[in-house]
Amino acid sequence: MKRMGVAVFVLPIFLLFAFFFLYPLIVLVVASFQRGGELTAGNYAQIITNPQYLHSLWNSLWLSLSVTLVALVLSAVLAFFLARHSFPGKTLYFTLLTFPISFPGVVVGFMIIILFGSTGILPMLSELLTGEKKLVFAYTIAGIFLAYLYFEIPRIVMTLYGAIKDFDQTLEEAARTIGATPWQAIRYVVLPTLYPIFLSAGALAFSTSMSAFGTAFTLANDFDILPILMYNEFTLNFNIEVASAIAVVIGLVCVGINLGYRVLVEKEGRS
Amino acid sequence: MEESTVQSMEIAIRGVSKTFQDGTTALQPIDLQVAAGEVLVLLGPSGCGKSTLLRMIAGLEQPTAGRILIGDRDVTQLPPEKRGIGFVFQQYALFPTMTVEENIMFGMKLRKIGKQEQKAKLEELLALMNLTELRKRLPIQLSGGQQQRVAIARVLATDPMILLMDEPLTALDAKLKEHLRLELAQLFRKLHITTVYVTHDQTEAMAIADRIVVMNKGVIEQSGTPKEIYLKPKSSFVAQFVGQVNRLRAKVKTAERGNVLDLGFYQLPYKGESRAVADIDVFLRPEDVYLTQEAGFSARVQDVIFLGDHYRVIAESGGQKLVIDVGNDTLIHEGDQVQLEIREDKIIYA
Amino acid sequence: MKRMGVAVFVLPIFLLFAFFFLYPLIVLVVASFQRGGELTAGNYAQIITNPQYLHSLWNSLWLSLSVTLVALVLSAVLAFFLARHSFPGKTLYFTLLTFPISFPGVVVGFMIIILFGSTGILPMLSELLTGEKKLVFAYTIAGIFLAYLYFEIPRIVMTLYGAIKDFDQTLEEAARTIGATPWQAIRYVVLPTLYPIFLSAGALAFSTSMSAFGTAFTLANDFDILPILMYNEFTLNFNIEVASAIAVVIGLVCVGINLGYRVLVEKEGRS
Amino acid sequence: MEESTVQSMEIAIRGVSKTFQDGTTALQPIDLQVAAGEVLVLLGPSGCGKSTLLRMIAGLEQPTAGRILIGDRDVTQLPPEKRGIGFVFQQYALFPTMTVEENIMFGMKLRKIGKQEQKAKLEELLALMNLTELRKRLPIQLSGGQQQRVAIARVLATDPMILLMDEPLTALDAKLKEHLRLELAQLFRKLHITTVYVTHDQTEAMAIADRIVVMNKGVIEQSGTPKEIYLKPKSSFVAQFVGQVNRLRAKVKTAERGNVLDLGFYQLPYKGESRAVADIDVFLRPEDVYLTQEAGFSARVQDVIFLGDHYRVIAESGGQKLVIDVGNDTLIHEGDQVQLEIREDKIIYA
């Protein structure tokens, strides 16, 4: 009886979801397999065979991966420090740190230009100091890398901070009392226990980097990554089919990463 | 665990106090000496400062003032890993990602002991703590009692010079607690290792301790053997916290052959220290009142509770409530009028 | 001694952060107060006095607010259902549900066009059924509303799902045993306890909606919202100062929402 | 709480069993009757199914088979809120966002009772449970004992016809537990409400129960008054779980004047039921062995543990271990040779 009631209430929402969530997905996938009204895998083949496309895919993958790794390491140090120490102005520091979370990607891109653009602060400074204009990498992949770090780090710090705060400190104390230095306690006890959170934060950071558009769109100039490529296909070339295929590829990579992380965590939990 | 390898150390606590950042005082300045090989139990209600003191000995908290010595060494400024201690936590604090074996080996690996020696010691400890069959399990697959045994083995693996235990049995079932209490007492005797043991359970304290230190509100109320604490409590707090006790209002009166203690319903020779005529409170253990036929005083039975090996009888006389323990073969009922006698020499003037 | 060690290790990272995080922020704010080299509040005045700008601000605010509220309600029902029932295919359903999290905003916009564009599926369908082309709202604010729902709901569901799963069910059981129906238990016990999570998820959804660019950029046509406006000022009009002012306004609204939610939660915790 | 308003109900459990989804059997089919106004304690080790049974009476879990009746009403299919019960949880389960008052009023508000009546009842319960001064506090600002009192008041506010309690004292300190145990026993007597109380602590069970049901591995081992359970245990599990007991190996031998029980170190008339000559185990409580001067048998003292009101003495005779309790004024030491006598009629043949 009770179960019936729940089903009646929830079923419509389920169906609505199926329609609004799955239907567009299916349309997207179907579109990606079409060219001029015919069913084909050519759009995907094009991504792999066309050097420009392949290069974009490559760019996207290693950019996301390196941003994720660097952001994880920096965030971990920061999160540990923040979770384990109190100092005056901590709340203010926290607020400033979380500022970038609510920034549009375009604004972040814009900031990178202010810093490293051809008339940016650092290049000007370097010209003043060395007579040569260096550090102009706003429009290169290094600029995007910095921009992505800028918005990934606050998110990861927040996630890790919560987990580290909640972590049962007696485990660390136990490690200390049987001879571990603070670093050994973190290395051998805290990190292995918090490992799933790191994977989860990493997977999310990777996905976000892989699919971010605004920042890249502001900065992209002499190189391409998948979201930009897709946008161009769609808006400039009106090539919906290829754009769909690229969207599906991005989606698959992201979902793959997320599934992979879950499998890893579950395997760990069972062993 | 060869007994010869354990090196017992004494602990000296000199004027150690603790005030938290919010201004609350956890510990008044305390002096305490723990002899080498002694099992010392810190006993008191929650919030009395006993755990704080233990954690300061371990280096898990810093004293606000005072010094802590282990052996001849001033360890006040040393981090926990340099103090040569072992600490057993109330919730066991086993490393969740490591198996029983890995938990026990952890301390040895940090010390870079030879593989052979590690292996031998592991087997020895698994056998000692009866864990051999559980060696490949993760902590989550163990019962509370098994986890506690792993926690102890893990600590012994590092050859600590002193052993610190923070309510190690509190999280366990009543029956299991009773069993492990005995096991621990035997283990302590086997190891001859200086031990400071914190608990709020007075039965546990008496079963395990060479010496009990009763604490209350950051102050040591009394220090002594279990017998001294139980039979000669120095304060009303100790009398009431350790064991069951009757608190009786009494008057000290002058009489021909020395002062008399007047309980209202009964008069006894006064043996307290003060010589003044005054209203005082005295304490009396349930086992020091007994049923008699003729002598003594009369009381009315208000309640009889069967507790297995004895009845707890709540009686009333002259407006005072008396709790008495009588054997489980005694015939006694609610509403009965009974004759009671008091063991005069057992009256506690605290 | 120990504290010193930590400080030496962490200080450089702190400084790096101060530079990379705060410096761009300051440059942004300074830029927003300049016009032609002079210090002025004119850029902000422009946002409030210029009807087009004011309208954009208004659009952004109520769009974000309504998306947040609708997404919260729908997500809450779904999260409760998922947390409290197991059914065959739950894992698959979950995976599909989290799919959109890793989609670029552009792809989401693109899907809305496939569904509700002038040659979209639903308009076609409505033409077939009623003879009249209805439901063409991809390029209106309704399209953006749907797109934002599409990517907010999975995020909120994930957040709430975890919290509901972790919620101490004996509280609900206690409510039941003293006479509450399942709904009353949720209404009077679960929701008041989980209230901070709802606020947190809502604040995040609002910030994201307020600052999202990709989707809006794909769909925006006959109306404007702040991120688009900012992009246009920056890229089309090369008006960095006004663009900066808009960025600061977006940032302030988001930070304000986040601070407001924290104040609410802390007040609740203390009372 | 006017006693006249409480309507006591009997509970009937008919063939109730529970198998979990993963195939483990929590409860074998069980039949149990709880009389109106009775305080029934379900006693057993963790995992014996006692909590599962209690939760099924409450409607928090569904039985795999069988029926549950409260009064004349079959409640098996009813949700918890329609069963007219009160349930007290081990961890109190107070609503964290509500004050003490609001927690207590919650059930009354759901019932839409008149404001006047609500107010009166609230005051009555605050007074009864000694909570008047804490009325505006949030649960997080209360100690464990105070939280438990609020939990009980909250339940009583709904005028339950039966009261279900799941280890209500387990989370508390030893001393406080002892105190609240007495308070609960008095409350039960005052309320005359049918109560099912789950615990793993046999002392708690004996102090509170009208009747104890001992459970083990999903089966009822024995049901009876505290005295029956303690003095006449029907199985070795009950004998060992309830109270301290010595387990002794014995041989039943034929002799001239009827069979004889041979403990190795001592012979007694055999009074068990079986007439066969066999090796059996018998049980003997520590208080049923006593020190004597001449008669009885000789034993060597292995260990003497001071427990306040008595010594626990571990003695050995003929290779068998005997635990004895002797008064705290007895002079006895490790290594002593003592004469012991057994109360023949107290030997338990379980």
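Just so it is clear, A, B, C and D label the chains in written order, and each chain counts residues from 1 on its own.
Here is the rule we use: contacts are C-beta pairs under 8 Å (C-beta built on N, C-alpha and C of every residue); 3 or more make two chains touch, one makes a residue touch a chain.
If you want to know which protein each chain is, UniProt gives these names: A, C = ABC transporter permease; B, D = Spermidine/putrescine ABC transporter ATP-binding protein.
Quantities reported herein were computed from a predicted structural model and do not represent experimental measurements.
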Separation of subunit A (ABC transporter permease) from subunit B, taking each centre as the mean of its C-alpha atoms, in whole Å
55
Rounded to the nearest whole Å, what is the centre-to-centre distance of subunit B and subunit D, using the mean of the C-alpha atoms as each centre?
25
If a residue has to touch 2 or more other chains to count, which residues of subunit D qualify?
79
Among the residues of subunit C (ABC transporter permease), which ones contact at least 2 other chains?
2, 182
Report the topology of the inter-chain touch graph, choosing from line, ring, star, complete and other.
ring
All chain pairs satisfying the touch rule are A-B, A-C, B-D, C-D
Residues of subunit D touching subunit B in the complex
45-46, 173-175, 185, 200-204, 206-207, 226-227, 230-231, 241-244, 285-287, 305-310, 312, 325, 327-328
Touching subunit C (ABC transporter permease) in the complex, subunit D uses residues 58-60, 79-81, 85-87, 89, 91, 93-97, 106-107, 110-111, 154-155, 157-158, 164
Counting only contacts in the complex, subunit C (ABC transporter permease) reaches subunit A (ABC transporter permease) at residues 2, 6, 9-10, 13, 17, 20-25, 27-28, 31, 74, 77-78, 81, 85, 95-107, 110-112, 114-115, 121, 146, 149-150, 182, 204, 207-208, 210-214, 217-218, 227, 230-231, 234-235, 243-244, 247, 250-251, 254-255, 257-259
Could you pull out which subunit C (ABC transporter permease) residues touch subunit D in their complex?
168, 170-171, 173-182, 184, 188-189, 192-193, 195
